[in-house]
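Below, subunit A partners subunit B and then partners subunit C, in two separate complexes.
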Partner chain A sequence: MSEADIPRERVEDALFRAGYWLVFAVLMLPIVVVFVTSFQQSSYLTFPPSGYTLEWYAQFFGSEEWLGAVRDSLAIGVGASLLATVLGVTGSLAVQRSDSRVAKLLPPVVLLPLLIPPVVLGLTLLIYFNRVGLTNSYVNIVVAHTLWATPLVFFIMQSVFARFDWNLRDAGMDLGARPSRVFYHVILPNVRSGVVIAAVVAFIVSLQEFIMALFLKSFEVKTVPVLAWTSLQSSLSPMVSVVSAFLVLTSILGVLLSAAVMNLEWLAEQL
Partner chain B sequence: MASVTLANLTKEYGDLTAVDGLDLDIDDGELLCLLGPSGCGKSTTLRMLGGLETPTSGEVHIGDERVTDQPPYDRNTSMVFQSWALFPQKTVLENVAFGLKMDGVDEEERVERAREVLEIVEMGEFADADPGDLSGGQKQRVALARSLAIEPDVLLLDEPLSNLDKRLREQMQLELRNIHDGVETTFVHVTHDQNEAFTLADSIAIMNDGEIEQVGEPREIYDDPVSLFVEEFLGDTNLVDATVEETVEEGIVATTEFDEQIQVPTPNDGVAAGDPLTISFRPEEFDVSRVATDGGQLTESAAHGDVTTALEGTITDVLYRGSSVRFYIEIGGTSVFFEQSVGDETDLEVGDPVVVSWDPEDLLVFSEGERLGRGGT
Partner chain C sequence: MDALADESMFAWVGERIKRQDSASVFLLAPLAAFELVFFVVPFLILVRMSFNTQPETGFYESGWTLAAYGEILASNLYHQIILFSFKLGVIATVVAVLLGLFYAYAAYRAEGLTKSILLFSVILPLLTTLVVKTYAWRPLLAPNGVLNDLLLSLGLVDGRIQFAPSLFGTVVGQVYIVFPYAVLAIYSVLSTLDWDVVEAARDLGASRPRSFFEVVLPEVLPGVAVATVVSFAWSVGAYAAPSQLGTGEQTTFAMEIGNLMLTNFNWPVGAAFALLMLAAMLAATLAVIRLLTGSVGGVQDV
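What follows is the complex of A and B.
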């Protein structure tokens, strides 16, 4: 019986691996296509490309419109990331070790914006901002993205705080530190990497978000995904691939940054 | 330095009452051990003293000040945690100086004072070490130094020695005692280890189920326990069930599990014939000798008539426990033990018939958990 089992186990193993690589390939293929087509020669998006050139990259860096969109995306991403991190970290901290009713109710409430379709959220916010007379697109998109990113920060911090030794907080208070100083001197140094990772996630989410940004854009303020969509409507030029390549690269950089922060912490513990 | 008064202190978590109307006075400069089994509410009591838990009702006074509602950072108490809770991102010196920094002491002075305190706990050479690199005993010393550095009125110790191995624990008990004598601060030390409490304490408060069972000096508690709970908690003893046969002028005559009647000179108010009793025969009170082959000793005990102070039994087990030897004796179907130090032990062996005798004055008698003549009876 066991003799028959060993080849069978091997077959199952091989099948599992094949399936795993297939899924991986299917996921990676569009990204590969994006990178390859960003170097193509013809002005109309084709795959595989007939020749290669850096012309589209030159055009990208020469285009005031695209560079403006990059600046808008970065400004909105940083703003939304900062706001979502402050709200998410303090919100999560507030419900730790608390048995009040509000503390039990808060996590599901915080989750709500993630459950509402972005189309609905974008439309609602557009109507709402018009009503209250908020016409600054920067502020509007930052608020919309904060709404989207805060739950992510909140839940990342929930798991970070779950591993924190709350005796340290007690010890800090016991030694005369008020709550704000306990946070700064005792809690923050221990959860710093978690906070950085949460902020990076919030930034990437804001950078990629398209639907709400489309609703809330204005003539002056367009994020990169919104401009990509607008230019796609007129022509399927390889410029879109260039922009997508940059978006993917930024996200990979973010992930690498998070990994570096975690490794630094790990490294510091080893020293 | 300050005295502490806890009045009618109660802490409830939902339906669970962790501390139930606790009253306790601690003298200025005293080292009090809160002793009790796990879950008896002793740590909760300590945390309420430090302000880390808010009492459901009742009062906490430190010195002349009512601190019941004061947050921990406004109280001049300091706690040494069971897990020590050293700040992992700070050096040993920064840990010890932390409280002074929070008090606004300038850097030069707080470093100097932190170094002084580290010298007291013999950790001076580890000032720049990372707490993660220290051994348990060293962490414990640093945690102690960190708490002592702010010169608290009351130092709270939450089983800080329970994570140390036996030898180190005993050494630290003595050092803690010496440090207490040196700083003259009021110490409240929580432990579940009765040996630790007896080694350390000026006085011991024994807790059970959220309430104080007995407070007193170690000797006083050992000699005069108020309840069966205290007697059981203080150490190994032989508890023998008995039934009151009759109350006599000099005490009680009871039938024991040994199938023999014995007489105990104890106050007998509130007990009547037929009541169940528990009698504690402490192992050190037994006098055991081998039955002489001519039966001489038995005649002696028989002279007491039908109330016995000596019984015949058989050695069933001999256990070597390091520095002592424990002998188990079966008497009338019930097993009791006594101990002898190695070196002093007799040549008793398994199967030997022996006579066990005692002074009836040494027996402690409990009825419904309360000691006769003490407590509520």
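What follows is the complex of A and C.
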């Protein structure tokens, strides 16, 4: 390395840093827009706003339509999260401990719904539920979101179980404990944080998803993102920013919670 | 479901129970049943639906015909929509994967708080609804928006440019949607790379770009392949970004399916369109994987 290379490397380093901080700023920009415009005064979304008010928040908490959507979203999110966690954890455990053909076939099938455009999945399920006569929108959207959330739970748990020392389980079995007791007393305490993160991720995915929910919505059942989307078709109102601010806040809380339980780096490698 | 077809399910279950492996059968059964009932069977019904015809009233009329496929293949409008979907898929994928490679590398090289901030900045948009990710760009890219104000005050442009709605806005929105996935797919492979190997290459006289292209890049190629496949599949099927940030010219097949299913109630054509696009996307994806793994030796089983 010659003397002349040293300043050039400094310039390169500076450009590299400037480059990734610029990308960082662009990534954060829409999120800043959401929070700032939720406080804006005028009724048409502008950034930066000319004045600030809490009026849109007051309207949100006074709106039966929006609060109903919040209830629908929470109910569906909890349902999808529970179902995806049970299916994902048991399935992942089985695949870890079994080398049968079904166990080998399952991971790619479970992953597939994530790689199919959500519009196609939404249309497939719309036709299916109509043909078999399932008309409960809550159930239908929970099923759709579970198809998406299960692969995430499944693969998070695969990596959690991979770090678990299976000799502990064998020791429990050798001491005469039933498999269910071994699971509850030996396996679960060791993987609990992984299960919590998987459930949180599943809940957030369900809360934020809107294309399948748009296809499967009914007059009575609309999730928050679906209602936000339909209201965007008529006007670009700051009300959308108010609900979006809540949605983003839930995600921030979920990520911070996961980061506190495990760490951010681990989470980044799982998603 | 081939595994079940050539071996009776009951025989299989009996075999397991005989081998005292019943626990894994009971653990496997719920997930396998769920995927079968709500994923595999719905797709078979979708295929059946595509052979039906559209009646005067109602969603479909039972039949066995290729009329729905014929309608799509004969229509000029649909040709344009298909062409644009793939164009958007290619542009958004190239931009997202190149930028994602850069950002993943930055996160890999960063330490401590910077690393956490960079990773947080991709995980947060990843877990944010598409609605937010697309509409928030509108006040930024509009003719009277922030980007135009910035360019005008810097004297870089003479008049205001309509960045959105336009192709540009659509690409920005779509890249923003798939970028986090591209970064994390590459980062998860990159994070297993031992930096000492790169140091060694540099000590042996490789320049920094050369060490990146000859040591780092071949290592992360599987991650790049995953990032490409995911970005491409989602961008061809783009719905939210072109609806919010595009004009009528930026109509994708996903938007057209939305129209067919929710407004025109033409289910057979909607089903046929979805299946045709899935087949085309699968073919394109396989070609891309072949290209990425075939051109550089040593990477198998992506």
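As a working rule, the second predicted complex is superposed on the first by the 259 of 271 C-alpha atoms of A that agree within 3 Å, B and C clash if a C-alpha of one lies under 4 Å from a C-alpha of the other, contacts with A are read in each partner's own complex, and residues count from 1 in each chain.
In this section, contacts are C-beta pairs under 8 Å (C-beta built on N, C-alpha and C of every residue); 3 or more make two chains touch, one makes a residue touch a chain.
If you're wondering where the values come from, they're calculated on a predicted model, not measured in any experiment.
With the two structures aligned on subunit A, subunit B fits next to subunit C without clashing.
By the touch criterion defined above, A:257 reaches neither subunit B nor subunit C.
In the superposed model, A:139 makes contact with neither subunit B nor subunit C. Touched residues of subunit A were counted for both subunit B and subunit C, and C has more of them.
Of the two partner chains placed around the shared chain by superposition, subunit B is the only one that A:177 touches, whereas subunit C remains out of contact. In the superposed pair of complexes, A:78 makes contact with neither subunit B nor subunit C. In the superposition on chain A, A:150 makes contact with subunit C only, not with subunit B.
In the superposition on chain A, A:165 makes contact with subunit B only, not with subunit C. Between subunit B and subunit C, the shortest distance over C-alpha atoms in the superposed arrangement works out to 7 Å. Applying the stated touch rule to the two superposed structures, the overlap between the subunit B and subunit C interfaces on subunit A comprises residues 269. The touching residues of subunit B, counted against subunit A in their complex, run 50-52, 71-73, 77-79, 81, 83, 85-90, 98-99, 102-103, 132, 146-147, 150.
Contact residues on subunit A toward subunit B in their complex (touch as defined above): 165, 167-168, 170-178, 181, 185-186, 189-190, 269. Residues of subunit A touching subunit C in their complex: 9, 12, 16, 19-20, 23-24, 27-31, 33-34, 37, 45-48, 86-88, 90-91, 93-95, 97-98, 100-106, 109-110, 112-113, 115-120, 123-128, 130-131, 143, 146-147, 150, 154, 179, 201, 204-205, 207-211, 214-215, 225, 228-229, 232, 236, 240, 244, 247-248, 251-252, 254-255, 259, 264-265, 267-271. Within the complex formed with subunit A, the subunit C residues making contact are 1-4, 7, 12, 16, 21, 23-25, 27-28, 30-32, 34-35, 38-43, 45-46, 49, 59, 99, 102-103, 106-107, 115-133, 135-140, 144-146, 176, 179, 184, 187-188, 191, 208, 229-230, 233-234, 236-237, 239-240, 244, 254, 257-258, 261-262, 267, 270-271, 274, 277-278.
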